[in-house]
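Both complexes shown next keep chain A, but they swap its partner, so chain B is in the first and chain C is in the second.
The block that comes next holds the complex of A and B.
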């Protein structure tokens, strides 16, 4: 009988600083079984949304679920409440919301790519990508007034408008960023540590992507053509130049390239929005209190974010259900780990871009 | 959004007849406390490549009745099942406690009585 040993990865681990623990069962260096523990920092946000805050405040509470996709959380919740109130935002509001979500995607993908570089031993590139990411962070700060917890989305619209100065800044920073991303694409394609070393590692097959309901960049790297941006009609993504990015090999390399090419597409979409912003109010009055049940899906940087909101016509909601991308991605992650070398686990994990802040909401 | 009421007794048969992995994306298992010891359990799906098509199968149960697991049909469902075990204190076949909550946490925080 072969001897197996248990090896933990996280949460106090040099290559996984997030509050999640994977327990690997290894035979020699190969992972043959895996279990996950995601509850280290559970914060009870769903409970707080129905017991401690009125529905008008909850959008600002759920923005605190995550420091990377705060806009996506507040947007998803707000869309759900607006559906219950029978309100549909005008095009200007939709465009401004899309702008912030796509900026979120750019900086979140860059953070993931930085971590992937770091796990390849490419510390200098990690620093460089994080420095380049500031171009987007500066934009978000200039537009929303905040750097991380933006509080930009409001029920009935958004809290700030674009000025001509901000439009110029968007063009300036995103043009600069485009050049940096072109360089990064070359590096991720040609550098040995980032390209050849990651080809064929951490493979999720298309079949398994369906079986384990993979989502977001993880699914698109296998060739599974799913993206909430084109599976809902809440936003006119086609009008601003959305293109689905697909790879087919399902490995770390493919996941990196989905993110790199999505950044290119998001930059183009943000510039389109800035140039073609429709006219209209940025904040409209909504009437009534949420009654009934609404579900909303929004494509967060890591994949589908799902909100279910149920109200009874009062100020307090009956249920706010948040289902985050990382939570849904864990079954596929666990499947990829099985059969992989333990030494590859940190790089595989980084390529999934897990967000425990969202998961332990 | 389409909602279909089912019973726990027919859950596996109903989901089994409906679910095709290449057509439907399984979103999650959800619970909503209805008060007076009743709970609404939901199994939620969206259709690939189609806009706005969401299907919810739901069953009304109480806290004590064991819930059949759909993992044999949908392998990724174990996360949602473990979540409702922790948050509502329910029993789901094969699902362990402790995904989210530690032993010294509040028991079943999302129950109405909590």
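The block that comes next holds the complex of A and C.
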């Protein structure tokens, strides 16, 4: 007699935004084997960057790899091209770029928290977090003109400037948001029914995080101190009050807490930036065509984003290679699924915050 | 029949499928269902089941692997149904037009009733599209309730009786 049964999840599923298919091999209620299929949204962006778009346009094309961390994609590409052109941005540009990246991180983390709450069966909390998230979306719309997919970063600077009215709006909205985050922290910490769903579920140990190369909030929840923001010196993160957030247990609860505390840290950083914005030009002219090879790492909301750009001095690039956080996180994800209950699968999956559009490109 | 039509008008349920988009439009659909824009006050619920849905929200240019799933989902939604293409890449391919794994818009595969512009389209536009879709849904359900003849009129094709037309369903006054 056959002892295990196979249960599929996806590719179209109500609890998942994006098409991904998992094949779970289950023994009674326990998952003992996982098979993931991520190629449903492959569009061929990498090849199009070298064949049909010039290097000045590619920054706006790679933003369409992912809607949640679009700004990080265009930022990494722009940094790589600026390295090839030998251009160093001034402090005002750096600060404005950091501001938008941190705002993007806040809204991405909040969406993930909302999703985790929904997949644990807490619909009201999902609605509450989505309502709080609109404060950040309003800020993004006011600063850049679009709610998601703001084409804010250009080669040689940024496309829009920060006015004094916007600075006061940033302070107003972020102060409101930080109060709401405090109540959320209390809720995620003390709610009894949420603790049943989160505490001790989907545990990734520190050794496994090392072995399977976990990154981002997934690694930081296990106590593995990895963050590209401190490892590279492209941006002055220490100057605006960056603090590494670490938890030790490695379950869904810890992952949620890493996200919540990172939001608190990001809010403080955004306020610092709005207060201490240096003066200078926001868009400078760059000369020349990219020649040579550059590698850039930037911390996306989900972990390390890696870009390799190679040019030969022409308008077209030779190679654009994108390695996204979720792609590196999949082995660790598979490891977590083994041994947990099938009923917890959607909540565990949401707590990783997987981004299939990034992965399949 | 009138009973069900009233419900369909008051609470259209949506099915959301990502056919290769960048998640930008998907999170805007979520935001539209959320508390600020609150599509749910119109009775709109995001179902995961095509058999309970009236409105099919599709995002993304159709990728090579998702086209089969797209047509499958479309055919499982019962009549009357409305298809909304959310975002510019769903309408024409947008920035992804001409990439090797992309099929340049969903109207290559399924008929589309409402196109929503924007990259990414805002929740306001999505709400407008669903209000427009409700009108189309009403006319479509009225069309379905009209009586129809099982056999068409006798038609001659090349001095011969055409059996083809007699067996198909009669559309309006074509024959």
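Note that in this section the second predicted complex is superposed on the first by the 356 of 361 C-alpha atoms of A that agree within 3 Å, B and C clash if a C-alpha of one lies under 4 Å from a C-alpha of the other, contacts with A are read in each partner's own complex, and residues count from 1 in each chain.
Criterion: contacts are C-beta pairs under 8 Å (C-beta built on N, C-alpha and C of every residue); 3 or more make two chains touch, one makes a residue touch a chain.
Note that the coordinates shown come from a computational prediction; the quantities given were computed from them, not determined experimentally.
By the document's definition of touching, neither partner reaches A:271: not chain B, not chain C. Once the two complexes are overlaid on the shared chain, A:302 sits clear of chain B and of chain C alike. With both structures placed on the common chain, the touch criterion links A:134 to chain C but leaves chain B unconnected.
In the superposed model, A:39 makes contact with both chain B and chain C. When the shared chain is aligned, chain B comes close enough to touch A:211, but chain C does not. Of the two partner chains, chain B is the only one that A:332 touches; chain C does not reach it.
Contacts of A:355 after superposition: chain C is touched, whereas chain B is not reached.
In the overlay built on the shared chain, the residue A:60 is in contact with chain C alone; chain B does not reach it. In the overlay built on the shared chain, the residue A:12 is in contact with chain C alone; chain B does not reach it. Across the superposed pair, chain B and chain C both touch chain A at residues 39, 42, 44, 47. Chain B meets chain A in the complex at residues 1, 21-22, 25-28, 30, 32-33, 42, 44, 46-52, 54, 56, 74-76, 78-80, 86-87, 98-102, 105, 109-110. Those residues of chain C that touch chain A in the complex are listed here as 17-28, 30-31, 34-36, 46-49, 60-61, 63-66, 69, 73, 89, 94-96, 98-102, 119-120, 122-123. Across the complex, chain A meets chain B through its residues 37-39, 42, 44, 46-47, 210-213, 215, 225-226, 230-233, 295, 297, 304, 306, 308, 310, 318-319, 321, 323, 327-328, 330-332, 360. Residues 11-15, 17-19, 39-45, 47-48, 52, 60-61, 64-68, 70, 111, 127-128, 130-131, 133-134, 137, 146-149, 355, 357 of chain A are the ones that touch chain C when the two sit in their complex.
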